[in-house]
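Okay, structure first, notes after.
Letters A, B, C and D name the chains as they come in the text, with residue numbers starting at 1 for each one.
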Amino acid sequence: MIDIGIVGGTGYTGTELLRLLAQHPTAKVRVLTSRQEAGKRADSLFPALRGFCDAVFEVPDPARLAQCQAVFFATPHGTAMQMAPALLAQGVKVIDLSADFRLQDPAVYTQWYAHPHTALDALKEAAYGIPELHRDKIAAARLTAGPGCYPTAVQLALAPLLEAGVIETRGIIADCKSGVSGAGREAKIGSLFCEVAESFKAYGVPGHRHLPEIQQGLAWAAQAPVGITFVPHLVPMNRGIHATVYARLKQPGIDLHKLFAERYADEPFVDVLAKGEHPETRGVRGGNVCRLSPHLAPDGETVVVLSVIDNLVKGAAGQAVQCFNLMFGQPETAALQSPGFAP
Amino acid sequence: MIDIGIVGGTGYTGTELLRLLAQHPTAKVRVLTSRQEAGKRADSLFPALRGFCDAVFEVPDPARLAQCQAVFFATPHGTAMQMAPALLAQGVKVIDLSADFRLQDPAVYTQWYAHPHTALDALKEAAYGIPELHRDKIAAARLTAGPGCYPTAVQLALAPLLEAGVIETRGIIADCKSGVSGAGREAKIGSLFCEVAESFKAYGVPGHRHLPEIQQGLAWAAQAPVGITFVPHLVPMNRGIHATVYARLKQPGIDLHKLFAERYADEPFVDVLAKGEHPETRGVRGGNVCRLSPHLAPDGETVVVLSVIDNLVKGAAGQAVQCFNLMFGQPETAALQSPGFAP
Amino acid sequence: MIDIGIVGGTGYTGTELLRLLAQHPTAKVRVLTSRQEAGKRADSLFPALRGFCDAVFEVPDPARLAQCQAVFFATPHGTAMQMAPALLAQGVKVIDLSADFRLQDPAVYTQWYAHPHTALDALKEAAYGIPELHRDKIAAARLTAGPGCYPTAVQLALAPLLEAGVIETRGIIADCKSGVSGAGREAKIGSLFCEVAESFKAYGVPGHRHLPEIQQGLAWAAQAPVGITFVPHLVPMNRGIHATVYARLKQPGIDLHKLFAERYADEPFVDVLAKGEHPETRGVRGGNVCRLSPHLAPDGETVVVLSVIDNLVKGAAGQAVQCFNLMFGQPETAALQSPGFAP
Amino acid sequence: MIDIGIVGGTGYTGTELLRLLAQHPTAKVRVLTSRQEAGKRADSLFPALRGFCDAVFEVPDPARLAQCQAVFFATPHGTAMQMAPALLAQGVKVIDLSADFRLQDPAVYTQWYAHPHTALDALKEAAYGIPELHRDKIAAARLTAGPGCYPTAVQLALAPLLEAGVIETRGIIADCKSGVSGAGREAKIGSLFCEVAESFKAYGVPGHRHLPEIQQGLAWAAQAPVGITFVPHLVPMNRGIHATVYARLKQPGIDLHKLFAERYADEPFVDVLAKGEHPETRGVRGGNVCRLSPHLAPDGETVVVLSVIDNLVKGAAGQAVQCFNLMFGQPETAALQSPGFAP
């Protein structure tokens, strides 16, 4: 069994990691840290885990973590960059679910996260953890940056079009909608039930931290800068991201469905719907899958790609486990093969 | 008191009409029809009306309706076009909340609604019922077509930009999200709680009946054809529409906030937020208001307009009462002056 | 116009007071306090009020409040008992929506609220603010204690039975369910959308602060001690309380419907349904009404009373305005006559 | 592999059976019937199954079903009683999730389901499918009746108390709350999102079909008739049942927690919480578990048992699979060992 440590397991991403890893055939969580909940069983915070998880929160102890073979960070930004270098130096592989290693340019990091990056060497070697786009690099990495939830949905929606060079690379629109778990398990007024239920709103139109990450990833796919407007919205539901992505075709006549089906033909976790269908977020709830449906709008020149994921699974913990599997030579689908969950 | 008839009052639009008209100082519902519920009190179907509405459903009887001064149609499409001409001939004014008189070109109507238009004379004289865009015509009309909910939110978002000629008229995107009451009070699987709750999806990407109506209205505002892609989405909430509209500025340097604030300065039912703010649908719940917020995206060339309405009020029954007030020389705000309702 | 002050207007009860008072024909909010939000407009926190409320939060100033004729407290417990005596001494009438003046025995108060009562004279004169049970006392009072939301629903459900002496006074069960706004607008994990949505739970089974208040009120109605078990539950919705109350008939043959209908025949805000019907919380949403339906269970000896209110209206702000109207000789229904709101 | 047939797989119970059986190590769905959806893939109706279920709906054909070793009925009442006898005669074991074989007295069946029972021999041999109460009988059965969802939650809550004889057997109250999936996947107005969301109500107070089933099961546990009042309520959520059960202790001093913990000590699917805790329905979402918490009310004589299940799993499909496992000598937990799912 591969010994796993999780730093910061009290949020929704952390509990989802525990849920998935509880079913992993060759890995086991040995260390689970939380300064605040130290001494409590994980299943006392998350009763859905009762019977499936014995882990007890403990104060983070570098020595204990260094005994693991892999450490996941499910912490706010700023923590992983402090602790990862020492772990790497001791031979521990790291999968960071925070933002610390997503942006390769430290200046861009500082601009959006308002503090300097303090682990520049680690940053240089970090793989960007979308296996469908960077599988080989992840498999060879000691450190993987788990992508943001919105960036995952948007990049998988646009990669086939940008790689094939069939759309204009300016004026792309990513209108994205997320369930509330994307805001984390923090006590703040804006995430209260009564502030969110029976309402819908956009936020962050003037700028959102996932924008530079999306731009970076699309530029890799297009091998050129890409101009995109990204607007996130909050949906009154627990889980799910729906990205509706608009781009202009360079020329008519592309078989969009074929392009997507072929691009993702061998991917176990990308599912291209039949022509004309519309995915629902509940169809991927609990599953590690991105479901895509490309459409040509009635104007004959606008491509509309519908892309749905569960933000906590393919958008966070599931994709992190997928990367872990690659980094440790395990079957990529280990612990990730159970059906979604609806209603 | 002005005597009012309502044809088809058993849906969500009909009950909202009853709620609003119950508070109208100079109008009273005298005839309320429903073939299926004839004999029942309206408040037995809609207990929220208990104590505020004595109306009893009756089988539709043209003679009874002709005794009213105004008749609202809250019916599926196809009914108003059959009954309106005779009512108009007898001096009754008509406000139709269905789609029958929205599209001025009967061929376009037939293309989207799959049956011929049978009231061509009435269609010619129908005013299009967004007072902020067509007030004089509505005030002079005998017949007003209540606009669709999506078209209301989108047209109010784009009119200032198109009238001022500051955006490109091709490649506009209207990414729209609606609560479930927009689908009506019909027993269908797709509107069941368990099919909708905890999920989010797009629908109608290949084509939706509100597209030609939006195109028609935008062309009026731009005085030229407008190219727009419209994608509706379903939000797990009862009420509310959020339109996120994207367009490209012809040239930089426009003061978007000033443009919107001035355009709607005298409008009691359009509310432009302060710069940088984001409206929420719950902020307009129950109120007859369209709340707008124009933004310039980080790319400096994409305008993003956020537009929210309550689909049953400003998107249907409230706007219909607003038109009624204009058609009968009443204060435009009569029955429409109560605050929204949150949480 | 009667000048009104509101202390602590940033919660859901406070904003509901603002919504209702915005429509009051003879009263106006002159002073609105919040230490934390001082300087902000109320409608910047609660956009649903935009256009209907000019009030600006200010730091609480006893001199400013003393210029009002009535002061409402929408504060956590402990504040009103500190400020009310001085206001009363200056001729200001007080309606307290917190728990400070609900329990007439200060020892019981201390037992449940963990601090001594410091305004014993005021406590002695306080009227208990359910007008249907204590109208004359409220009309004559300088100080009224707004009851808890659960106690309102339960007392109105049981009063007819206890006053008539037709049920056993031991072994009564009040199984109560509340929307999340009952937990207030505080940033706490347990009220987050993702902790509440798609779930249902009981809480406070070992003891809840509303139990002694319910016991006190039922004892007044029965003129004897009453034994009751009270279990509150949390429902994933914004508003509404549903109390399901069970009691045993002393002897068969009571016409329950008649008993309730006659008891509340002249009450504008208690609505007894027809025999065999079941109320829904959405039917009273936004309205100041308690809707009741008494049933005899199939066993022929258990009475089941269904009682619904909007916890923020008849359970808090609406009932407070009703008391205010009585205390100032205004029509009892002023500002409270608008239909509920569904869907 | 054990070959399985499912009759009527288009409802929420049917799709849940497909989800669970997709993970069964020793069973496989070979025949899946639906007259209406014949020819369609199951995963086209339930996209969450994409990638995990190849089953295609077919018209029910007795010969095809007879080739299976086990047939599950997920049909409305009335169907299983017609088809089961022939299947049993051909050596097929049957697990019926409908009401047809739940009530052992055919006269009671007719009273509540309004048609005669036509499979009296089968009815006589049917085991009642709560393994924790009737394990041996189920293991030996050819035909098992899957219990109703409410009866499962209530019987597991009361069995320890009734078996031990520590509560009065008259005047028991079962106040039960269910998510909307309990109403099935039928197109009816009352189950629409807009009729259910943001509301809460009781229903069936004058009488509900699960009452006689509960009475029958409790009488078995008590070995005497039991008097109980059962009131179901509808919660605006997809899944979950919360039963709050009240009974009177015969004498004080019982250690309730110990009684429950010992009764269910060896049960893999009943989970007794620590003293003083309250279960949430989301904690058992997707899992085949009944989570229980017994409390003594402040009056010292009323027992309050909190009991939660996922109505589609332990309340239907999961418990049916548990019975299937027993009937076929498989490990009782096969296909039922995955953690619940929250948020």
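Following the convention adopted for this analysis, contacts are C-beta pairs under 8 Å (C-beta built on N, C-alpha and C of every residue); 3 or more make two chains touch, one makes a residue touch a chain.
The model shown is predicted, which means the values in this text are computed figures rather than measured ones.
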Minimal step count in the chain contact network, chain A to chain D: 1
Taking each chain's C-alpha mean as its centre, the one farthest from chain D: B
Between the pairs B-D and A-B, the one where more C-beta pairs touch: A-B
Cα-centroid distance, chain B relative to chain C, in whole angstrom: 37
Centroid distance [mean C-alpha coordinates] between chain D and chain B, Å: 45
Chain centre separation (chain A, chain B; CA means) in Å: 39
Per-residue multi-chain contacts in chain B, two or more chains: 12, 181, 194-195, 197-198, 236-239, 279-280, 282-283, 285, 342-343
Footprint of chain A on chain D - complex, ascending: 12, 15, 19, 22-23, 46-53, 181, 197-198, 238-239, 271, 279-280, 282-287, 289, 291, 338-343
Touching residues on chain B, where the partner in the complex is chain D: 12, 180-181, 185, 187-189, 191-198, 236-238
Sites on chain A touched by chain B in the complex: 171, 173, 175, 177, 179, 194-195, 197-203, 205-207, 211, 227-229, 231, 233, 235-240, 242, 244, 246, 248, 276, 278-283, 285, 295, 297-299, 302, 304, 306, 308, 342-343
